[in-house]
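As structure tokens, here come the structures.
Each of the two complexes below includes chain A, the first together with chain B, the second together with chain C.
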Partner chain A sequence: MTRSSLVPIILAILAIAVSLMLGRYGAYLTHVVAIAAIGAMSLNLLNGWCGQINFAQAALLGVGAYTAGNCGNAGWDVFSLLAAGIASALAAVLIGLPALRLRGLYFAIATLAAQFIFEYLFKFAEPITHGVSGLLIQPMKLLGRVIDTDQGYAVLAICLLLLTWLFMTWIRRTDLGRAFLVVRENEVVARGMGINVPQTKMWAFLISGFFAGIAGGLMGFTDRLAHPEAFGMGLSVDYIAMIIVGGLGSLPGSLLGAAFVSLLPEAIQRFGEAFNMADQLSAFREMAFGLLIILFLIFEPRGLSAILGKTNVQRMMARFARRPTNPVRDQAKNQPKWRSVE
Partner chain B sequence: MTFYLQLAVAGIAVGSVYALIAIGIVLIYKCSGVVNFAQGAFVMLGAYFTYALTRLGLAPVAAVLGAMLAMALVGMLTERLVLRPMMKAPVVAIMAVTLGILILTRAVCLAIWGPDQIAFPKLFPDGAVNIFDVFITYNYLAAALLSVCLSLAFLAFYQFTAIGLKQRCAADNTRAALAIGIHTGNQNSLAWSMSAALAGLGGTLLATLNGLSLGLSDIGLVAFPVIVLGGLTSLSGAVVAGLLLGVLQAFTDGILTPWFETFLRAYTRIYSAGALQQVVPYMILVFVLLVRPQGIFGRRGTERL
Partner chain C sequence: MNKLLRNAMLTAGLLSCIAPATAADINFCMWGTITGPDALVNGMAYGPRDYMEFLNQTKGGIAGNKVKLLLLDGRYKLDEELKNYRRCVDQEQAVVINGWSTGSVKALRDQITQDQVPFMTQSYSSEVLDPVKLPYIFMAGPTYEQQMIIALRDAANAGGKTVIIMHGDNEYGRGPTTVVRQSGVIEKLGLTLVDTVEFPYDAQDITAQMLRVKSKNPDLVYVQSSTPQLIVALRDAAKVGLPATKFVGNAYNISPAIPAQLGAAAEGFRAIQIYSDYGSDIPAMKDINAFKANNKIEKEDVYYMKGWMEGVAISKAIEVAIAKNGGKVPDDIKAFRKSVRDEMENLKDVDAGGITPPLSFASHQGSTQARLAVIKDGKYVPLGDWINAQ
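The block that comes next holds the complex of A and B.
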């Protein structure tokens, strides 16, 4: 076990302890955030590291939820989550195929199309998805034991989030992880370095899809319902907002962004109830969300993780993990706000 | 035969409005390189402005013109306040910020006008003309004529006037345009305000056909298959592709969907084909991107491998 994996493990243990103490509502918020964070990390690998913009994240989550729901109802136990991951990974490869021919903007529009086609399929394939009425999902079974409390799901989601985080930090350090970054920066250079660009992209889609499927499966089990409306374009936008608000390419950023985007509506809900403005609430919630995305992108484009970096928290965490200071990384912090495009 | 003609007429009317909206997106993309997902928000906002102005007691013509002016202002403000500070940002950040504008505008409209469908005031008289047994209501006729004429007028403006020439310079090569003394920032603002005004008119016309609700903003995303089909950088391509897609949607709705549903009911347990006409554009989009990414009229792009 490396030192840098110590921090997430300790955080996970703390999160489990806190969520068990906070009662049902606290546990509910914890698993919502943890599941969103798994999905955000999956998108971060694809978009933040490999540079492939994906507007079909909600479709991948949906494939995961429907697969997990059907397998779980058929009594597949833990394997239903695994099946969800595999199904979404296959769907992600399918969505990624145009990436072999298209780049940047054109590919982004292709994923937009994929999102709408999947949304249609969720409604259309009634024998599997139960169409517009949605698929009812039984509570998840873990090795024969039924999980039916929010606390149970909170613990499960945090454990899976921890595994995701450890896997992501590991893959970032492998040759494949570095190849992702080169492909993001410049595909011609990547080819010149002997990187197989199509293969690298396909791996990014495969891995990203797998984790999106896990997150989607967990969503299905916690909501007890997979509904086509729930996996619409709006959800895809939420996930893109998460990784950008958190900070593109940063794992702690994905977690922070997921927490921010999922807790903001809850916070506004509480705020509105306190001041008796319930009827204008949904409009107000959306307004705050849109405004925050815009303001964030204009004033702090590197996201929440950069704000944290400015304070001493990250340095303290680094000292805690006893990482040696890294001149390259420190230099990177002093760079201008935006990397020049091109 | 009449049935097919009737479908074609409906398709052309809706398609010409698509063209109007798609022109706006292409204009912004050519000039500032921004893919504007907020075009749908402009469409919706334009329709609501027209509605609000007629409620104030303005004549329909004045209301439509007023709404277009207001939309031009909104477009310019969007460019100045949001897009300009982000000029050098990565593509995904700019896409996300336009999505943010879309969400914000929808929420503002929701807060002011509520979630329900609103009866749109009559801009054109009731009734229909009858040409060879094909009935065309004045609404459809006006929508088609207005948007086709305006699209053509705009293309002529872009091609033949001094301002249009400046626009084309700024879009073609920003540095060269700066070097010969064109204020490219102002040209960007102009492009945004023109495209917002066109979108506002498109929204008003769509509202006369389908009624006014928040769902109008979804049309902004339907415009993407249109611009890809036409080639992302071609204004005339957007017009042709808009008409084509409108007709195709109408035919899908009228012919393909019933045929497909009888097939499904005979051979599978699926009962309904759902909103097939809404996904057909996207299926075509994926196909076009894979086979001919530069679209029908676009130049061979640099975005391809």
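The block that comes next holds the complex of A and C.
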């Protein structure tokens, strides 16, 4: 175990302890943020690292929720989440197929079309989805034990978030992870470097889809209902907002963006209650959301992670979890500030 | 700027983890759609809040105990409503919850039973009405299916033969339509369902669907939709030459917005009326006007009356529960909730001040009576007396 993986593990343990102390409502908010963070990280891999804009994230979450719901109801236990991941991964590959021929805005439009196709399927594939009335989902079973409390889901979601984080950190350092970045920067250069661009893109869709499915499955279990209206375009926009606000391409940014987007309405609500103007601020919540995205794009396009980067917190964490990933930087750092000329 | 954002983040984090509400005698928590697609009918979210506040101001609360009120915005979004529910149960320690959409109540129905918290839903869906399996969920009127049957029965009594049902492409539209179709009640009434026309719930133009309706020339067109969709439907019906007199809507189509926006094209349109309209000559208006003298009423419509009536029923159940506990609010919230549920179920012939006929919640529905109201000279006028939907 490296020191860099120790930090997230410690933070996860702390998060679990805090969520258990906060009570049911606090635990609920914790698992909402943790699930959103898994989904945001999956989108970040595709969008932030590999440069493939995906407007169909909600559809992938939906596939995960319906798969997990059906498998969970059939008594698949923990395998229902795995099945959700696999089903969404396959769906993501399908969505990604046009990426072999299309790029940029054209591909983004293709994913938009995919989002609407899946929304239609959620409504009309009644044997699987129960149509517009939605699929009622039984509480999740984990190794035979029923999870029916928010605290239970908070612990599970944090554990899965930790695994997602560790996996993403690992894959980022592999050849495939580096290939993602090269494909994002320039496909022609990537080809010139011997990278199989279509295969790299497909891997990005497959991995991203898998984690989106896990997040969707968890959403299904915690909501106890998979409903077509819950996986509409608005949710895809929320996830895009998470990775933009958090910082495109940044793993901590995905986590911060997920927390920010999930908790902002709650913060505005509490602020309104404190000043006896909750009703008036309700209307402002949606507006504030849009306004903040615009402000971030103008003033800090690198998102919350960049803001956090300027604080002592990240410097402290970096000092603790320093890793020699940049030999040039480390070499330069180890050089004496001046050398005497012999 | 960066400092500002950092501070905003910290504030958001801290505010989200605020400690549970401080102790109050009676906590009543509710959520509605303050903002969202069906905000047009959100008077029923303000109604119960205002009634409880009326009790606080005039009687010092319920049995002398102040009612602590919290109205949240569910925005007609499932995740937001699920969050509100947790807050009401856990942080606010509410003794009764008043919730909103069909989807959220369906998602929460097992948890409501598990948490054993009395829950008054604004939905009329039969899927959440089951006194045996869902003993903590209560409803404030006839189900959508029962409303549809009242309209069909009226059409049959008037000598009608053919019927078309129009509905949106969501659960609210499809669910009740399917139940009524499969029940065989249409045929039993001697009617023939000549077509079922579905339209996108957020459609801005349904002229094509109206042309299809016109080609079938039915005696009655029942529309299962909310007010915004009904306005589109009646507008396009007028466009193709179908008179509003052929159309009947459900309880959510009693809205001043319909005659106000459509004018003459809405004349003759009928809708199911469960609650007396705001401003009717009924005893409840005396209390409402007294409340209005010192407070602002957000929505003066029939949905506000529904909410006010819910407040009457809930407060009555709480009052009896307190009386049975020796005039004191039970210390144990679980016991208090259980007791309120039991008293809610025992409520019989509660005077709703004329908003509805006397209420009884043994079947968890409050009232199963409704009447038809017709738009005449830009106003809804009741047609006949209350009809029992059962």
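Heads up, the rule we're going with is that the second predicted complex is superposed on the first by the 311 of 342 C-alpha atoms of A that agree within 3 Å, B and C clash if a C-alpha of one lies under 4 Å from a C-alpha of the other, contacts with A are read in each partner's own complex, and residues count from 1 in each chain.
Operating definition for what follows: a contact is a pair of C-beta atoms (placed from the backbone, for glycine too) under 8 Å apart; a residue touches a chain by one contact, two chains touch by 3 or more.
All values derive from a computational prediction rather than experimental measurement.
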item	value
Partner chain in contact with A:F211 - chain B first, chain C second, else both or neither	neither
Chain B versus chain C as contact partner of A:Y153, first or second or both or neither	neither
Chain B versus chain C as contact partner of A:K123, first or second or both or neither	both
Which of chain B and chain C A:Y239 touches, first, second, both or neither	neither
Partner chain(s) touched by A:S282 [first = chain B, second = chain C, both, neither]	both
Which superposed partner A:L225 touches (first chain B, second chain C, both, neither)	second
Which superposed partner A:V32 touches (first chain B, second chain C, both, neither)	second
Residues of chain A at both interfaces, chain B in one complex, chain C in the other	123, 131, 282-283, 285-286
Sites on chain B touched by chain A in the complex	35, 82, 85-86, 88-93, 95-97, 99-108, 110-111, 221, 224-225, 228, 232, 268-276, 278-279, 282-283, 285-286, 289-290, 293, 301, 303-305
In the complex with chain C, residue positions of chain A that touch it	22-26, 28-29, 32, 123, 131-134, 136, 148, 150, 223-225, 227, 229-230, 256, 259-260, 263-267, 269-271, 273-274, 278-279, 282-283, 285-286, 299-300, 304, 307, 310-311
Contact set on chain A toward chain B in their complex	47, 53, 98, 100-106, 108-110, 112-114, 116-117, 120, 123-127, 131, 187, 233, 237, 240-241, 244, 248, 280, 282-287, 289-291, 293-294, 297-298, 301, 338-341
Touching residues (chain side chain C, partner chain A) in the complex	1-2, 5-6, 9, 11-13, 15-18, 20, 34-35, 70-73, 75, 78-80, 82-83, 86-87, 89-91, 103, 106-108, 110-111, 114, 127, 169-171, 173-175, 298
